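Next come two complexes built around chain A: one with chain B, the other with chain C.
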Partner chain A sequence: MIRLVLRRVGLAIPILVGVSVIVFLLMTVVPGSPEAGLVPEDATPEEREAIRDSLGLDDPLPLRYLEWVGNALQGDLGYSEQRRREVADLLGQAWGNTFVLALVSAIFGIALGLLLGYLAGTRRGKAVDRLVSVLSLGGLSVPSFFLAIILLAVFAGGLQLLPSGGADFDDPLSAARSLVLPVLSGSLITMAITARVTRAGIVDVLGADFVETLRAKGLSELEVRRHVLRNAISPVLTTSGVQIGALLGGSVLVETIFRWPGMGLLLYNAISARDLVVVQGATLVIALTFVVVNLLVDLLQAAIDPRVRGTMS
Partner chain B sequence: MSTTTQVSPTHSSPWLEPRAAGAPEPPPPALRVTDLVTEFRSHRSSLRAVDGVSFSVPRRQVLAVIGESGSGKSAMLRSIIGINPPSALIEGRVELNGVDILSLPARERRRVRGRDISMVFQDPLTALDPVYTIGQQLVETVLKHRPGASRADARQRSLELLELVQIPSAEARLRAYPSQLSGGMRQRVVIAMAIAGRPQVLLADEPTTALDVTVQARMIRLFRQIQQEVDAGLVLVTHDLGVAAELADEVAVMYAGRFVERGTAQQVLTAPQHPYTEGLVEANVRAGQDRRPRAIIGAPPSLTRLPAGCSFAPRCSYAVADCWSTPPPVRTIDAAGSSPSGSSSVPHWSRCLLVPQQ
Partner chain C sequence: MTRPARRGRLIPSLATLLLAISLLLSACGQSDSRAGSSSTSGGTLQIAMSAANIPFPSTPPNQGYEGYRFVGNNIYDALTRLDLDQADTLPTPQPALAESWEMADDLMTYTFTLRQGVTFHDGTAFDADAVVFQLDRLKNPEFEFYSQTDAATAASATRYIDSWEKIDDHTVQITTTQEYTWLQWDLLSIYFPSPTVVREFGNQDYNQHATGTGPFRMTEYVDGEVMELTRYDEYWRGPAKLDQIILYPQPEAASRLSMLQSGEVNWAEVPSPDSMSQLEADGYQVFLGKYPHGIMPRFNMFREPFRDNLALRQALNYALDREGAAALMNGAGYPAKQWVYEGHPAYAPDNPGYSYDPERAKQLLAEAGYEPGELTLNFGYTTGGSGNMFPDVMMQKLQADFRAIGVEVTLTPVEWTVLISIGLDGLDSEQWEDIDVLWASPAAGMLPTGYNSSFMCKRPGGQANAAGMCDEVVDEQLTLASQQAEVADQNAHLQQMMDQAVSEAYFLFWMHDLNLRVMSPDVQGYVHPQSWWVDFTTISVGGDS
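This part shows the complex of A and B:
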């Protein structure tokens, strides 16, 4: 198992290098020059050149890449002239806020999805199964921003029950209240996907021969289902990993609608303002988050399912 | 749990209690099945997979049930141990040591399952849970049937079970996952699991079919040995007449959900009376035989539309007009031809109009 962990971590490194190269190159190919937002409109070519020079924008690409990565490794992702803040500071704060939202959304969505999928899978063809099927299809089809707007109109607008956006992290109760609507709209897809994958897995495993052996051994239905669930959980973990990764990247739409000061909102604002250093940093952090989450999920899977362990090593 | 219904001779059977006087009556057979019917109902049609089967198996005896695929053999075993899907309707009596387990409440019936009666399945490659180790699955089974035992005791017992089924380096195998063992080894594990509760009845659903031919013979010998060792009655479903001949004391032939012939292995396999049995024997390939095996014409009937008379009539080369209209009677075969050797007192009978009446 320790060797397996080392192997997987080793595999993650080239992925991260690749991601960093792409993020870096993207920023060099977008139209418009990076200094455009920093110099006055009537700046002379000499003044522009001075700024470019001070930012190292005329150095050869590989050199600029190495410098950028070197700084990034030390936690220096550059300075946003527009926000007048270190990019790392901005990202740190936004990531923390997104983490809270993502964690609650993931737990809510995955737990509810597992429960619904389990109920549907073990009561195949019954009313519960059909209800879950409709719910999850709906969850997949309704865009999160649409649901967000409906929720806003009903709970914040009409009923005046919950805040419409923003978050005051100094007051836990107020923070919790402002979490409700973003979590509901952000976790719907996670819930739907988890429910579908869980149901499919359970139906599949319930038809397996070894379930008969378990019943013939005299195990109770509950004990049989413990076996079934552990067999069915592998694909659920895979999709959960992708979902958690996506949630941690911050939903641009949900965060923007609810003015949740996370990665999504930061990214949205940075793109609108052409704040390229922030976009670059945010993209890198989101990619890093994805890689780490999927690494953790892979390892968790290997711990649960010996067959996965076999294919990994 | 003080309300356990113990279906074992020491507790519930009056037969083994010391008797004051009189000749001891014979103990009830390990398994007695009476008029077993298994019906699968859907909103459109109903289908009788098992249609009134009766038999009994004493301890240490082997009954082989032979027949084509779809004759109801597997459904019968699943009905006896009680693992048919909920859509199956089961009637009749299934007695273990005189106690009808079909009439027990679900909880107590489950307690009997795996302890007093257990089952070995056809395909060892899929019969074990792939994500638990052999040890975990064995320990779970042992603990299930000995609620008081400690985990260490259960582990020790699991080790003994693996040694009993002749698995080499059992200690290491306990930590292995099913995928790390060969088919033969996995079948041994399945057998070990089946005898964990020291059952008085073992059911086996084609236990050698999925195995490599070279492993089959060894497995059959092991089976016999284990069954004698745990002192259980064995119901063996197979379509391999060689396996039946080697293992069975008695053979029953199943067709369209019913037994059509029954007798000692010797009687049924060497002097078959029912045309269907004759067909099965002739279709069998044996080493060194000089004639070509002959297939039975046609396919088993659809169980939703059985003919009015004998269900084998459409495929039978001896069939006369009466066979199509009247249900065939059960006729006993004159014992003069076959020697009455063996402990079995079951007469050789055949469900066929053409067997001469005595």
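This part shows the complex of A and C:
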């Protein structure tokens, strides 16, 4: 297990370097100047140059990248002139908010997906199965922003039952209320994918020989189902890892519509403003999050499934 | 740089459909629980801004004029201020931290008598040292607290300031770089922070401790989330009525509307125009009024087809069905005859501008040397951003209007930041030279100094006009206007400048904005001025004041 962790950490390094290089290069070729938000249209060439110089934009690209990497390795992700804040502060605040939203969305989406997938898989071909298929297909097809605006229009603007947005953590009740609509919007795809994968896994395992053997040995149906679920869970965990990673990366659309000050919104605003240091820092954190979440999922799979454990060792 | 054209009928947007759902439900479930009802005297005004973030409270703030409107003018004062408590005329500079000023006969030396008894929110006194301190921050790179970024952002306002000097504790002298009679306009946006606070926290950490002399002091600031402003009882004009102002950023119009309808805010910037009639029916206050803002795209005058081709520029101006575009936005804008609106001091009274006349447009197109179907224009426009009205629907309408006279338009959508970059680089730069017409959403005529970058052949810093517009008459009249002691003379020159620009059709004179804004019924005392800025001191929420 320790070897697995070390190997994954070793693999993470080229991934993080690759991501940061690609993002760095992309941000230098997209149109739009980083100083555009900092100077007026009638800025003189000298005024532009002074700002570009203070942002270090005229240094050679490799030097800029290496300087950024060197500082990042020492924990200094830079200072955003456009936000007038340390990038690490911005990321800490945004990641914390996204973590709360992602955690609740993941729990809700995966739990509901598991339940629906289980019901559909164990009742294959029946009405429940067909209903779950429709729901999961809908979940995959309906864009989260569309659902978000519908929910907003109905429950906030129309019925006035829930707040329209904001991360309000003043007390548990207001926190729960402010989470409802973003969680419903953000967890839809997670729910749909989990339900489909769970159903497919259960249908697959129910057809396996060992299930008949378990029944022949006289195990109760409940115990049989427990064995079935345990055998079917592995692919669910894998897809859940990807989903949790995506949720922790923040959803630009859901966070924008619900004014949720998380990673997606931070990254979107930074890209729009060509705030390079924030874009670099945010993508690094998101990539790191993916790596860590996938590692944790692998470890969890190993803990649950002896076959996976065997493969890893 | 050319991107695929988007063509098609003018179809209702998704937001419109959703708006219908929202309004239908809100009509059924109207609640009395509006935000901000307060038992205290002035109540709390909660605002959904269209900005993507809370403007940071620096001097100046960011987020364009929305930053000045909601944050800058509330936390800070300048030496002058606009008379925003009236809607009848274009607001002009009035005494503020400067009680009075005198301009010497050389039209370059200004002596300001500062208001006495004014204190910053930290209790320290405002005086001549505070003025010199801030001008050093913005203009003197040798100064310990010189702020590179504030200096760059404020450059338009400080451009003509050459030197500054404390005469005594309550008198300051400022000299301009040339004969210049608009300094009081520039000074509107040079805010004064507390030197004590800047010294204590430094430029980098100042924003979290922003301290001015304005009617509200900053009591909470969470970047990306919220800003809370609380009434400053020692304000020199007397305390504002409101107890607090709370600002939320929300760039999505549908979300701002939901915030208003759910009672989370009592002020929403620019909701969808489709919502106006229903909102009024539900008892909300919907404000529309003339103000200096329009959509006035610029022709690329660096090259063909527009350079030396007046007939073509006029043809396109005659081809625009402005009334039709106004109808598509439900009357939230109205047709432009000139760059500024009728009644504005710079409006050329004897120039009728361009009406909708497709036949005349076709005739001029032929005179310009183009057969129908021969010309395709690449039109760069922004898809969003605060203060851009409704670009998608407007551009689809323009595309249809131009096609009706035989001119095709390739739509090139760009982000707001890119549009600003194009303005900085110019349409003659290698990256942007393919663009024929460029979207522009100027604060048209809010400040006379604002004409410089759009009209002058050489911008004040010496750069060429971004669109390549170069007209001797325009340059001369604008320069003369800025060197007249009497306002009437200034306006006479501005009118001649405008007359020339309209006659030469240097812009697509398209739409004036009506500054759509909606508030809940309990907001009182609001004046909808002819300005991007607002006086918050007259406003209250609830029925007690």
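We adopt the following convention: the second predicted complex is superposed on the first by the 270 of 313 C-alpha atoms of A that agree within 3 Å, B and C clash if a C-alpha of one lies under 4 Å from a C-alpha of the other, contacts with A are read in each partner's own complex, and residues count from 1 in each chain.
Definition applied: a residue touches a chain if its C-beta (ideal position, glycine included) is under 8 Å from a C-beta of that chain, and two chains touch if they have at least 3 such contacts.
Remember, it's a predicted structure, so these values are computed and weren't measured experimentally.
Trainee: Look at A:Gln93 in the shared chain and tell me whether it touches chain B only, chain C only, both, or neither; answer first, second, both or neither.
Mentor: In the superposition, A:Gln93 contacts chain C only.
Trainee: So, does A:Leu63 touch the first partner chain B, the second partner chain C, both, or neither?
Mentor: neither
Trainee: Determine, under the contact definition given at the top, whether A:Ala176 touches first (chain B), second (chain C), both, or neither.
Mentor: Once the two structures are laid over each other on A, A:Ala176 reaches no partner at all.
Trainee: In the superposed arrangement, which partner chain does A:Leu219 touch: chain B (first), chain C (second), both, or neither?
Mentor: After superposition on chain A, A:Leu219 lies in contact with chain B alone.
Trainee: Now for A:Leu25: first (chain B), second (chain C), both, or neither, which partner does it touch?
Mentor: Once the two structures are laid over each other on A, A:Leu25 reaches no partner at all.
Trainee: Looking at A:Arg230, would you say it contacts chain B, chain C, both, or neither? Reply first, second, both or neither.
Mentor: Touch status of A:Arg230: first partner only.
Trainee: Of the two partners chain B and chain C, which one touches more residues belonging to chain A?
Mentor: C
Trainee: Common interface residues of chain A with chain B and chain C?
Mentor: none
Trainee: Could you list, by residue number, the parts of chain A that touch chain C in their complex?
Mentor: Interface residues on chain A, with respect to chain C: 31-33, 35-48, 50-51, 54, 79, 81-85, 90, 93-94, 146, 149-150, 152-154, 156-160, 162-167, 256-259, 261, 265-266, 269, 272-274.
Trainee: Touching chain A in the complex: which residues of chain C?
Mentor: Touch list, chain C to chain A: 1, 14-15, 18-19, 21-26, 28-29, 31, 33, 52-53, 56, 58, 62, 148-149, 151-153, 155-156, 159, 204, 207, 222-226, 248-252, 254-255, 257-259, 261-264, 414-418, 420-421, 423-425, 431, 452-453, 459-463, 466.
Trainee: Which part of chain B faces chain A closely enough to touch in the complex?
Mentor: 78, 81, 83, 110-115, 118-119, 121, 123, 126-133, 140-141, 144-145, 177, 179, 190, 193-194, 197
Trainee: For the complex, which residues does chain A have touching chain B?
Mentor: Residues 208-210, 212-220, 223, 227, 230-231, 304-307, 310.
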